[in-house]
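Two complexes are shown next, each including chain A; its partner changes from chain B in the first to chain C in the second.
Coming up: the complex of A and B.
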């Protein structure tokens, strides 16, 4: 108990002596782990490369500047593909995520015992695998190209969107649902009037947020051959064409900044 | 019980028989309640928090499933109905809520029209293509409660009193026989509370509606409602006219307290005559 009595006066402290000792020991343990890890990492590091790093970085920097501006004529199509992969992938993911979210939310699932676990499994399994790995798998199945990229992005996004959406569904104000139910509305009407209006802002926020993330993710899909600007990036890297690499990075940066701006605008307009 | 001192006599419309609700936690919210409400009668249900008032009105339209007993609306036992028949029965019972329970992001008009959901199909309601007669009725009701100019506003832009008026319109557009009213004034200031209570009781009289009004405020209940039922620990411990609610009776319902002031406040008020 933090309240102690001493010489007839009541003293209040945040922690008891026991808690203080436990905390002190916890900190000590943390520091110890840090020190040990540091030593292990240090032993397995080839320090020569680390000391050499600034020189190499400087070397690459001088080779990469200035960017090869005339290369931009060949980047229009790939960046357009990249944007399409992200956008289409997000749209497909949203279509699939909505039913999954309703099946996963405790207050809307038809069966908490059988269907909810399946929905949660879909969410976890699609979320836990990176889109690059999905792309590798899909290229093996449906061949390289933009389509594999779209599907990879879509699958990866289902879990993310469904998870955030089902959390929003679980947090709705239940009395609004009660009120609609009390009018004699059917199950679907209760959904359309009692639940959907309440989760619409969350849905819009999730959609633009995921689209924003997907633009970043789709820029690298080309590295494994799933279409988009990543393909140019990997071929430029392979031939050590550093001025092209720097231009590609600039283009990606511009695309991300623009998507950032668009999603901020959209979110502001809806919420 | 209780019928002898009902002011409005008429056909029996609602009868609760041995209505019992035991929650999963083992709490017995209602203990074999017997209650009869004649056609067109407005009654107030008073009692301390946790006495089972909310549970009781939710057991009537089965937002809460009763454990046992019967709820007879006219000649139908609501507790025996399947899902489809229950939805049709719910159309006959309008409900008004403590926190208004409007769909906040929809407009006033959409909220009022949502009272017709039990009568229109899914796609019509989804596309907001309600029959013109429903729209006409919605405008009439909004005009009646003085909110015609707000029809296009979003529900979350309204004040508490205005929201409750929209809630009343939503319940009335169902064209119900019975109103279930759950703490209509608990979130409102004293003046608005009176206006809302006056509006509800007036509308019930105009339309010959029966109503069960859960209410905290004893003085307000005495002011507007001809019959008061007191609930304590899931049992009816009082059923009578407002003037019969003596300090002894209030002690029985709520427990020991000085009740003189509560009762005097009512006697002073001219609303008493207006309501009677």
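Coming up: the complex of A and C.
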């Protein structure tokens, strides 16, 4: 126990002197890095605009309120498109994620040496690139529209779903699998009766969870031209129609809150 | 045969139990889902001719990954990447520092009700608004550049980290905290010695995870002019310079993989 001798009495200390020094230098180093980063940000900022920000914010606020409520009649179709992008994207992603997850899980992979790394690479690379970037890329390839949005959401979700699913597969109770194997079941029967029932609740939970996130992401995909309500947002922004922007933001907020509520309810019912 | 006996005992043929046990709910879910799918497919317009034309470009893009071009746009790539990293570091530091007091305030077992309501409100707002929408508004207010991106990421970090920190504090072991309080500790000492040691490992793990997310998000903020590598990537896609785009994507994936590995190592050490 680190103690300090003072007037013959021992006083308890949280850290030894050495620990204190290491910590102190760690903080100093962190502070230094932060100062450098701040310096770089500060250099590429026009500070005049920043000092002017309260006035601008106030200006935008007065322009944006009240929202143009009658515009909502034109938002029905974009919202439907947004819902489709998120839902169809999630379904396609789940179809693709299941085989990837089975190939990536240590206890079900056919080859831990060759196939597992490939599956893990698919998971990491689809996960680390944002759906907006996938959308940009797909618009360049297959043209703007809802379809590009669906595929972008699908690709982005594969990694996420497969990662959570393969972790669930690795955590299954092995005794059940052994029991099914002991009855003389084939490889596929073991899968269907030993593994699938154990991961089905996790699978449903992951699907709803990802659907919720995808609703969020699909509302902004339109900013790059991939359909949905983001398209309306970006065209309203381009013509500086702030009352429309504020209405669209309110609609997006409502969609996000509702989807989160639905997802929480469904997950609560499953678990 | 034992199978026969089981069927005799049940009085009917054994079948796998259904995932949704209520048959009315099950069938209405299935029919609703099929009806939705049909409606969704009817309303999505896919220009298959355009998709077919695009396949060639898609193949070109995949080929570009075999010969990424780091050289011809080296200045833009490294400049954008540095800006992304700088934004990530600065925003993570500020975001984490702000989210600790808010996280304490949003934990029902240590904060009084008014403080709890305010902090939960901040968390809810921050979580409901996507990064890219916040970035659009902040760019409009503060002007183009990494400052808007930095503020966006800090704001998003607060919602994420405060919520998870608050949940962790709410589920902590009360006994330890009470023991510290019984020794006559002041409020700060109580937090410092009773609460902090319990939540620290998870806080560190979550913080590193958030750094990872912030970097990924910083890659798209450039699309709306909030600084970072996104602007370079957008230009590369617009000019069909797939080899440069591939180089940038490889760099992003590489850094994300490195961060993920690092966070795994650190989390294993603190837990």
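One rule holds in what follows: the second predicted complex is superposed on the first by the 240 of 271 C-alpha atoms of A that agree within 3 Å, B and C clash if a C-alpha of one lies under 4 Å from a C-alpha of the other, contacts with A are read in each partner's own complex, and residues count from 1 in each chain.
Everything below uses one rule, namely that a contact is a pair of C-beta atoms (placed from the backbone, for glycine too) under 8 Å apart; a residue touches a chain by one contact, two chains touch by 3 or more.
Predicted model, so just to flag it, every value in this text is computed and none were measured.
Partners chain B and chain C, brought together by superposition on chain A, clash. Once the two complexes are laid over each other on the shared chain, residue contacts for A:189 go to chain B alone; chain C is not touched.
Of the two partner chains placed by the overlay, only chain C lies in contact with A:147; chain B stays clear of it. Contacts of A:200 after superposition: both chain B and chain C are touched. Touched residues of chain A were counted for both chain B and chain C, and C has more of them. With both structures placed on the common chain, the touch criterion links A:178 to chain B but leaves chain C unconnected. Of the two partner chains, chain C is the only one that A:253 touches; chain B does not reach it. Shared-chain residue A:117: touches no atom of chain B or chain C. When the two structures are aligned on the shared chain, A:41 is found in touch with chain C, with no touch to chain B. Superposed model on chain A: among 131-139, 239-247 or 257-265, the stretch of chain B in collision with chain C is 131-139, the rest showing no clash. Counting contacts as defined above, chain A residues 193, 197, 200 meet chain B in one complex and chain C in the other. Taken together, the chain B residues at the contact with chain A in this complex read 61, 63, 87-91, 93-95, 97, 99, 101-106, 114-119, 122, 125-126, 167, 170, 174, 180.
The touching residues of chain A, when paired with chain C in their complex, are 30, 33-34, 37-38, 40-42, 44-46, 49-50, 53, 56-57, 60, 80-81, 84, 87-88, 124-125, 127-130, 132-133, 136-137, 140-143, 145-147, 150, 193, 197, 200, 204, 216-217, 219-220, 223-224, 233, 237, 249, 252-253, 256-257.
Of all residues in chain C, those touching chain A in their complex are 16, 19, 36, 40, 43-47, 50-51, 54-55, 57-58, 61, 82-83, 86-87, 89-90, 93, 128-130, 132-133, 136-137, 140-143, 145-147, 150, 216-217, 219-220, 223-224, 227, 230, 233-234, 237, 240, 245, 249, 252-253, 256-257, 260. Interface of chain A with chain B (complex): residues 173, 175-176, 178-186, 188-189, 192-194, 197-198, 200-201.
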